[in-house]
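In the two complexes below, subunit A is the common chain; its partner is subunit B in one and subunit C in the other.
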Partner chain A sequence: MTEFSQAEMERQLAALIGPVGEPVSMAVELGAVRRMAVAVDDFDPIHYDEAAAHKRGFRGIVAPWPLLWSWFFNCTEYHLDIEFGKATVHGQDEYEFREPLIVGDVITVTTTIMAARLKQGRTGPLGQVEAERRFTNQHGQLCAVLKTTLFRR
Partner chain B sequence: MFKVNMVEPPVVYFEDLAEGHEFPTVTKGPMMVGHQVRWAGACDNYESEFHHDEHVAKAAGLPGILLSGPLMASLLLTTVTQWLGRDARLVRFFDQNRGATMPRDTALMNGRVKRKYLESGKAFVELDLSITNQRSEVTTPGSALAEMPRRGG
Partner chain C sequence: MTTICFEDVEVSQDIPSLFKGPMTTAHIMRWSAAMENWHPIHFDWRFATEQHKLPDVIVNGSWKQHVMLQLVADWAGETGWLWKIRFQFRGMNVPGDTLEAWGRVVAKHDRHPFGVVDLQIGLKNQKGDDGTPGSASVVLPKRNGPAVPYPFDPRVLGPQKG
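And then the complex of A and B:
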């Protein structure tokens, strides 16, 4: 495996910072909402039944928040374009919730690498990369922000 | 009609929760590969083969299949929404992937009220969260912030 100097690893990490790709849009589909709700053991009727959702004051059937991961995996670039290290580890996630995702909405996600730094891990150099994804609906309302920290070692 | 036993969460008020209150632990599992496959389907993402193929996982030097960190965190998030009731509004959620969950592990969802406060006429609770396994190891520490309804409000 190629050995990289500390300066080169820092250069690769610094090059990641900034917007990643173009904004990508995808609709909130009823079947996707139902599949995610079942996958995360969420049996609240607002995820399955439109009348129940209206009764609770929502515009329509509500997606469980973990459906954000569907945009993460299908609409954004999540591989790190760096040469050093052998594996990328998903370290932590911080979610901020605003407007609910409603079936029929079109959600646009934008991705930005906010920070990338080289740290000293227990077994050697460790790249820490913080990405932010912002999810906005067709009305321009911010629905959620997902901040993900990845480690490269 | 889709066959799912829908359960509407109870109504929980700000006044019902005291600082230090511990929520009843919710046990998930034993977690199986099927949980992971269902999650992969819900995310429409099958890219990380080590999450569902033991051969691939071991070839990559892992002890076996690892269940996805976001899956485990999402189960914790669902549990929080059930603890806090149908009229709570989740504002923030945080989780850290500290330890692996493997097939046949049990995942215990733990939560307590760290702080409750009023701000700008709104009522909030902060929760300390964790997932522990059958060996009492913390695999996923976390936290959450939610806006709560007021009794009589």
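And then the complex of A and C:
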């Protein structure tokens, strides 16, 4: 495996900082919402029944928040261009919630690498990369912010 | 679903746990299908154990997140707002695991006219291993105070005291 100097590893990480790709959009589908809620035995009627959701003040059937990850799996095509290390590990997720994803919404996600730094891990150099995804709906409302910390080692 | 006010909550109180499992491959596949996450570590035992050296196919991290979201949202009730939540991925869960999502109030902040409650949360398996430690912040109404607005905008929170 190629050995990289500390300066080169820092250069690779610094080059990641900034917007990632183009914003991508996808609709919130009733089937996906229902299947996700059933899969965790979450029978809160806001995930199934529009009238129940309206009664609680929501615009419509409410998606489980982790549906946000569908935009990652289906829409965002990027990889971290890091030559050093063997593996990238998903270390931490932090969500901020503002407005639920409602069935029929079209959600647009933008992804930005906010920070990337080299740290000293227990077994050697460790790249720490912080990505931020911002999800907005067709009304321009910010629905959620998802900050993810990845480790390259 | 419960309705709680900021004044009802005490630091160090436990919130009701949520139990899931024993986990099966059906749980994992149902979630993967809904999420459209087709990474083989979630359904291909040979790939998971031989190529990735994992102990088994593994439970999706986002499934675990939902369980912990469900834990906190159920406790916050119809009048509270789950504002922030954070998880670390320190341990894996596999079929056969029985999981307990748990939470404890660790701090209260008077952000007049609302209150913010911080919780420590986690997801323990049957051995007591807590592989997904985290934290959450919930906005609650005060007794006789206004309802927490929806959509939620943190600018409605008053300044942090102290």
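Methods note: the second predicted complex is superposed on the first by the 149 of 153 C-alpha atoms of A that agree within 3 Å, B and C clash if a C-alpha of one lies under 4 Å from a C-alpha of the other, contacts with A are read in each partner's own complex, and residues count from 1 in each chain.
Heads up, the rule we're going with is that a residue touches a chain if its C-beta (ideal position, glycine included) is under 8 Å from a C-beta of that chain, and two chains touch if they have at least 3 such contacts.
In this text, all values refer to a predicted model and were calculated from it rather than measured experimentally.
> Which of the two partners, first being subunit B and second being subunit C, lies in contact with A:52: first, second, both, or neither?
Once the two structures are laid over each other on A, A:52 reaches subunit B alone.
> On the A-aligned overlay, A:99 touches which partner chain: subunit B = first, subunit C = second, or both, or neither?
A:99: touches subunit C, not subunit B.
> For A:65, is the partner it touches subunit B (first), subunit C (second), both, or none of the two (neither)?
both
> Touch test for A:43: subunit B only (first), subunit C only (second), both, or neither?
First partner only.
> Based on the superposed arrangement, let me know which partner A:83 touches: subunit B (first), subunit C (second), both, or neither?
neither
> Is A:141 in contact with subunit B, with subunit C, with both, or with neither (first, second, both, neither)?
Second partner only.
> Just checking: does A:8 make contact with subunit B only, subunit C only, both, or neither of them? Give me first, second, both or neither.
In the superposition, A:8 contacts neither subunit B nor subunit C.
> Both subunit B and subunit C touch subunit A; at which residues?
Touching subunit B and subunit C on subunit A: residues 32, 35-36, 38-42, 44, 56, 64-67, 69-70, 73-74, 89-97.
> For the complex, which residues does subunit A have touching subunit B?
Contact set of subunit A toward subunit B: 32, 34-45, 48-49, 52, 56, 64-67, 69-70, 72-74, 89-97.
> Over in the complex, which subunit B residues touch subunit A? Could you list them?
Those residues of subunit B that touch subunit A are 2, 4-9, 28, 35, 38-39, 41-45, 47, 69-71, 73-75, 77-78, 81-82, 86, 89-97.
> Tell me, which parts of subunit C touch subunit A in their complex?
Touch residues, subunit C against subunit A: 1, 20, 27, 30-31, 33-38, 61-63, 65-67, 69-70, 73-74, 78, 81-89, 150-153.
> Which residues, counting only subunit A, touch subunit C once they are in their complex?
That would be residues 32, 35-36, 38-42, 44, 56-58, 64-67, 69-70, 73-74, 89-99, 141 of subunit A.
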